[in-house]
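Structure provided below as structure tokens; questions to follow.
Chains: A, B, C, D and E, in written order; residue numbering restarts at 1 for each.
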Amino acid sequence: ATPKDTLVLAWAIDDIITLDPAEAFEISAGEIMGNTYDRLVRFDINDPSKLYGDIASSWTVSDDGKLYTFKLKPNLKFASGNPLTADDVVYSLQRAVKLDKTPAFILTQLGWSKDNVDGKVKKVDDLTVTLETDKPYAPSFVLNCLTANVSAIVDKKLVEANAKDGDMGYGWLKTHYAGSGPLKIRDWRANEILAMERNDNYYGEKSKLPRVIYRHVKESATQRLLLEKGDVDVARNLEPGDIEAVSKNADVAVTNTPKGTIYYFSLNQKNPTLAKPEVREAMKYLVDYDAIGQTFIKGIGEIHQTFLPKGLLGASDEKPYKLDVAKAKELLAKAGLKDGFTITMDVRNNQPVTGIAEAVQRSFAQAGIKMEIIPGDGKQTLTKYRARNHDLYIGQWGADYWDPHTNADTFARNPDNSDNASSKTLAWRNDWNIPELTKKADAAVLERDTEKRAQLYKDMQKDVLATSPYVIIFQMIETAGVRKDVKDFKLGPTSDTTYTFKASKS
Amino acid sequence: MGESHATDARLSKPLLEVEDLRVSFPSRNGPVEAVRGVSFTLGRERLGIVGESGSGKSQTGRAIMGLTPPHARITARRLAFAGTDLMQLSARERRSFRGERIAMILQDPKYSLNPVMTIGQQITETLRAHSNVTRAVARDRALDMLEAVQIRDPARIFGLYPHEVSGGMGQRAMIAMMLIADPELLIADEPTSALDVTVQLQVLAILDRLVSERGMGLIFISHDLRLVSSFCDRVLVMYRGRIVEEVAANRLNDATHPYTRGLINCLPKIGEDRHPLPVLDRRPEWAE
Amino acid sequence: MTDALAVNNLTIYFEDFAAVDDVSFNVSAGSSFGLVGESGSGKSTVLRAIVGLAPSSGGEILLDGKPLATPRSKAFYRHVQMVFQDPYGSLHPRQTVDRTLAEPLAIHGIGDGERRIARALDEVGLGKGFRFRYPHQLSGGQRQRVAIARALLLEPKVLLLDEPTSALDASVQAEVLNLLEQLRRERQLTYVLVSHDLAVVTHMCERLLVMQKGQAVEELSAQALAARQIGTAYTRDLMAASTGFKRE
Amino acid sequence: MAVVETHRPGDIKPGRPRARSRSLAAASGIGRFLVIVVLTYLGLLAVTFFIGRVIPVDPVLAIVGDRAPTHVVERTREELGLNKPLIEQFAIYVRNVLTGDLGTSVLTSNRVIDDIRRVFPATLELATLGTLIGAVFGIPLGVLAAVKRDSLVDQIVRVIGLVGYSVPIFWLGLMALLVFYARLGWTDGPGRFDIIYEYTITPVTGILLLDTAMAGEWDAFRNVAGHLILPSALLGYFSLAYISRMTRSFMLNELGQEYIVAARAKGISESRVIWRHALRNAAVPLVTVIVLSYAGLLEGSVLTESVFAWPGLGLYITNSLQNADMNAVLGGTIVVGSVFIGLNLLSDLLYRFLDPRTKRR
Amino acid sequence: MTDMAQPQHWRAWLLSDRPASRRQARLGRAYAGWQRFTTNKLAMVGLAIVLGLVLVAAFANVIAPYSPVEGGDLRTERLLPPSAAHLFGTDDQARDIFSRVVYGSRITLFVVVLVAIIAAPIGLVVGTVAGYAGGYLDAILMRITDIFLAFPKLILALAFVAALGPGIENAVIAIAITSWPPYARIARAETLTIRSSEYISAVKLMGASPWRIVLRHIMPLCVSSLIIRVTLDMAGIILTAAGLGFLGLGAQPPLPEWGAMIASGRRFVLDQWWVAAAPGAAIFIVSLGFNLLGDGLRDTLDPKASDQ
């Protein structure tokens, strides 16, 4: 059994490698950051298009659309007891840019860099901060960037006290906590446990439970056992079969929410066969979407074929493709591949991608395409993918922040297709050279009229759907099994918006 | 008192009676008879058993001890020790005879002493298995016994492990181990064949003295006719599991059986110039 | 005339232990020389040193007056062969008699194997029936005969015999000793025979060397021994022990 | 997985080992022994290191993630010294190790040494209990089987052993969890203890049974024990299978020796013949078997650990390996190597202690 | 009548202690071994299982009612419990598990045979050469062996598979690489005792070269204990292969490798137990078969054991 005052979640948290918000970019780390660090703004998890001030009480955007002024709430305090002021906000944003870790691009895409950020992010007074962007981006885009974890506010005093050799506390914060969120991190033992406690200095509604603990459990079956036995309150990595089973359990409720993650496989255009437009199209007809939807992703995903996941601005729910072997064969014949061909697919060793890959393998076979599955550990297939050495690659892509640009940027932009390009977008990884689309994407992010902007994205999705080397299969639905005595546990649309501090137990 | 008592006993009844003893081992091609109807009686005397390798000497000795491997079959019309029929006894009763009343010295001290127990432990163990003596008393008795088998520094040897002593020393320790409980019958299975010739005689001298002093019966198994004839009172000659001849030791040269005669003759002797040596011409009827 | 084999001041150390300490003797061609002594006195080690199986730390070994090369040449092995003590250990347990005997012929590239093997078996008194048996199908005496046949196949001049009969029953011993004598006569072989049994050595050899703890105690002729013309107490002890038990 | 979970020491054959060929310490003198240890270590490190570098996984990827821009990837690569020649990287690594620095794990952000200090006791506790169970039950069973050779008891013991050798551990583990934890509720579930005790238990040694007992936290102790039952019983079963089998074979060998006949000739009781004489001799090779099987368990049993969500060494190394977290893998390998060398030494010492023949006069 | 007499005649011919030809001697020896082997009932069971495995592998296409890789309709035929149509039920790709298990025997056999013919010879050569040569060569070879022994086996295998890329052939190589050291040790230990035996001295005295001695005289003697050990290890090899498959690094899908089948079936172990149970049972039975066979071979081939 679990303690009354503690919410215990079983979750695969082995992806956490750091607790520093300027660096953390993994799914579970995202959720921890979301619960433990405040930021200027957040979006409403019930309607992600709505933004509200977190530590900002209000903000304004200048007419030229480049200067953002934030007013902070007064009398804020960090968990450490230090007051939270504009200094901390400026420090945090500058720090993220200067450290330039992986998620820093979310901020640097606003035109900030190591060298100029001191001039772009400025304190006006203790409760006022201004941010200046290099272009008049859509405000929704800029503000959404500020909801990301990389924009979280760290305790300047505390961090600096632990800094070494001017590393801005980088070494220390990897394993420590310096925030002001509703929960504070008490303890992290990699691959074992992450424990959070109520932060009594939090400005808003305090956490109902004094303690929230994540237990690292990898196996779905094990999670299910623990959940059914009441040894955890929430199980987070249940697979379809287990979901079905726990949903029959009277003590357990199943909750879910669509996530900003989509699963797709892509065709490397370096491979001349795959570069043929007919082949690209044929493959989209060679996936048994329905069967996959009813089996491998039942309860954890729904069929989705466009590159913007549902819930993002402008997301389109078009599903023109379904299994049609005859049509595919026709297309292949047109491409001069009547007798099919042989191809490999790099597949990460986990579910549901392996199952889907096998299903795809079978439907490919019907059209004479012999597909060999090359299983690999995650990092292994990724290494290959990033080196553009694959034929087919199956994987997922999750939104980095809640704005359509995050996916447009990677699926539909490829500013430099040379081998040593600086940004290795998905288009780049598949050697898909698309100057036209790139321009469209660049324009869309500057469109300040939300309606128009949404339309731009809709158009792009249509293009991508028809011509791209991506076969997008489904959008993830995150599902959790929750014991009945847990109240108000709600999964957020992004990883950093699952707010465990709102949960309580009866 | 030992001497007179022994004499009485010798007169009253034989120590060991063996009649039609058979030992057979099952094998795929039917049972293999290692001992095929051996009969003899033994008083308080030195009885030698000779014969070539595989003739069943050891198995005879082991059958008397009850140490035949479990899968073997033993039958005997009579196998009695001091009047008690050994065949009728339970395993436990049989065990109580072993060591205490009948003891056996095995051939090779290198393999017959437990390598991980000290000599002293192994000697006192026999004693403590049969009588309720304290550790200290057992130790004293063991030291005495070691001295009796001509070990010069008993206290030191007592604490040594078998590998730390020479073959001759080990053999003496073995003798001490078997004699400490004062058995009435000692079976010595080739007790000296692993030893150097010079040591061999010393060991035999010890055995000889013990027999004459304690009045115990001795079965001396060996393949060395010359040794047996000079050491024992009476000799049984075995061939293929049977006794082919029984002679008084000092009359060995007058043995009648061609097998026995052959065995004696085929040995080279110093100072005799026989080229070629006579060889044994085995006849099937000997085995009948 | 030079001796067939001469051992001069041979010394052999195993680490710090002198297994053989300054031992010398000569064996003239066609004669038989005996080495006696108790277990561990270094008899086998001397023989093994001659054939190069034991390292010699000092002294020299001359064959027909010529010092031996280390390692020994192939030709050497056609000149000198050895028969070991343990008939159970000296035959490869997984090889038939035939295979065992074919081996030396194969190594030295000697043709006509069929006939030679058949003849060798005949010579040692084993008929055809034994040719394809495995060692476990042979008795000790038969094995020793195979070992002798193997040694003879290379037609050596010198045969070293390391206790060839000590593992055998007395009756079998007589057969093997007779065989060895007969072979020596027929082939004019030179023997060096090791034994712990004085009787065997005097039976077989003209001269013998008594060893104790790696050292030569005394060298004497078989007649001298039979006549009890013994120089050392140790040899006298050995002598006494070999006559049987004497009750004081 | 019997092989994976327990190392079958290959060189141990039933038989009375007179001269033990594979004896690390038999190398005369401490000096030579040390040289051997150092060489073994270096070899271990070199092999691990170069395997780590040829694995087609970019170690930087584990740190910066998939989304990182090229310049971040390149900078990180430089920071980690991964752009230097392999030999140089290896030299640097060895130098650091010599100064006692195993480096930092990129996955956990901790010093590798701290990580290992955390995960190793978990494995240690499990392996120790497993081996204890295996020895306590396996030895008597093996003895019994040998004494009653070819009887029903013997067959049963052999079958128990064979089943242990043949059944996949991950499958059995899952089944055991299902039955004893989920259905019957007799034992506690995966993990080392229930969350309730998360902050009652303060790890001192990391061996929680000890920690809780020393702190007098008996509730926690009971909970920890409850969690240990299944995995340790499982590992115990596997080592039991192995130990009983080896015991049987050693005992059969000893029971065939002449000194057993001699012992029986003394008229001592059969139980004394078996336990005092035969087993005491069989114990000599047996300790090596047990110690090496213990070493196998200490290396961490990835599959058991993964089924029981046990935060141990095996999982740690496997996980690090899959993410090309080479500092952690190398650190783990050093520990495993040390365990192996240390236990080999221990088995050698025990061997010398148990077998008087190895002592110099 | 003749029918009855004939076997007797053959038997006598085979068991003759005076074989008249090399062939008769060899056959006789084999027959005697076989006879000893047949008295061991458990070993016969083991042999039957292993033969069964070989037969099933050979006739997989005849025995299996369905294709092992092409499944039925995902919507209707997925995860069906055992029934007359699907003896062992179907898996998550709607494939007939019985057919997969049947075809899987080929892979298992492939792994087992390949590992045996890679690892055992390596171990044999390293061990005998080290043992016979002694000195530096011995020291070097044994250090290398020690290093490989000091590795956690599965992790070494994992590393190799990771380095070589997944796939059944690479898994085999990885397992072979991790499993030769014990063989080398056995071979070396045995060589050390054989080396000082008199029959080796005798061959040396014939003037045989070291290579000849090692190859023709020592190796054949080490082979039998190696065969025993390899047979006993077969179970372990199958389990390691399954473990690699379980960790996703063995066979590539959709190959019906038993370990990988358990790995994918393990997700359903709580509700659709048959998915993991069938390959689990297959592994268990085959492992058991090899173990029984190994035990029997030990009794037959090990001269020490057969003396008892």
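The criterion applied here is as follows: a residue touches a chain if its C-beta (ideal position, glycine included) is under 8 Å from a C-beta of that chain, and two chains touch if they have at least 3 such contacts.
Since the model is a prediction, treat every value here as computed from it, not as a measurement.
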Length of the shortest touching-chain route, subunit A through to subunit C: 2
Minimum number of chain-to-chain contact steps, subunit B to subunit C: 1
Chain whose averaged C-alpha position falls nearest the assembly-wide average: D
Chain pair, most C-beta pairs within the contact cut-off: D-E
Length of the line joining the C-alpha centres of subunit B and subunit E, rounded to whole Å: 50
Interchain centroid distance [CA atoms averaged], subunit C/subunit D, Å: 53
Residues of subunit B whose C-beta touches two or more other chains: none
Residue numbers of subunit C (touch at least two other chains): none
Residues of subunit D whose C-beta touches two or more other chains: 55-57, 174, 178, 182, 322
Residues of subunit D that touch subunit E when the two form their complex: 1-4, 7-11, 13-15, 21-22, 36, 39-40, 43-44, 47-48, 51-52, 54-57, 155, 158, 162-163, 165-171, 174-175, 178, 182, 252-253, 256, 299-300, 302-303, 314, 317-318, 321-322, 333, 336-337, 340-341
Complex contacts: residues of subunit E adjacent to subunit D: 42, 142-144, 146-155, 158-160, 162-163, 165, 181-186, 188-189, 192, 225, 229, 232-233, 235-237, 239-240, 242-243, 246-247, 259, 262, 266, 269-270, 276, 280, 283-285, 287-288, 291-292, 295, 304, 308
Of all residues in subunit B, those that touch subunit C in their complex: 52-53, 196-198, 200-201, 204-205, 208, 223-227, 229-231, 262-263, 266-271, 274-280
Subunit A partner contacts - residues on subunit E that touch it in the complex: 69-71, 73-75, 78-79, 92-93, 162, 165-167, 247-249, 252-254, 264, 266-272
Residue numbers on subunit C that touch subunit B, as the complex places them: 38-39, 140, 169-175, 177-178, 181-182, 196, 198-200, 202-204, 225-227, 237-248
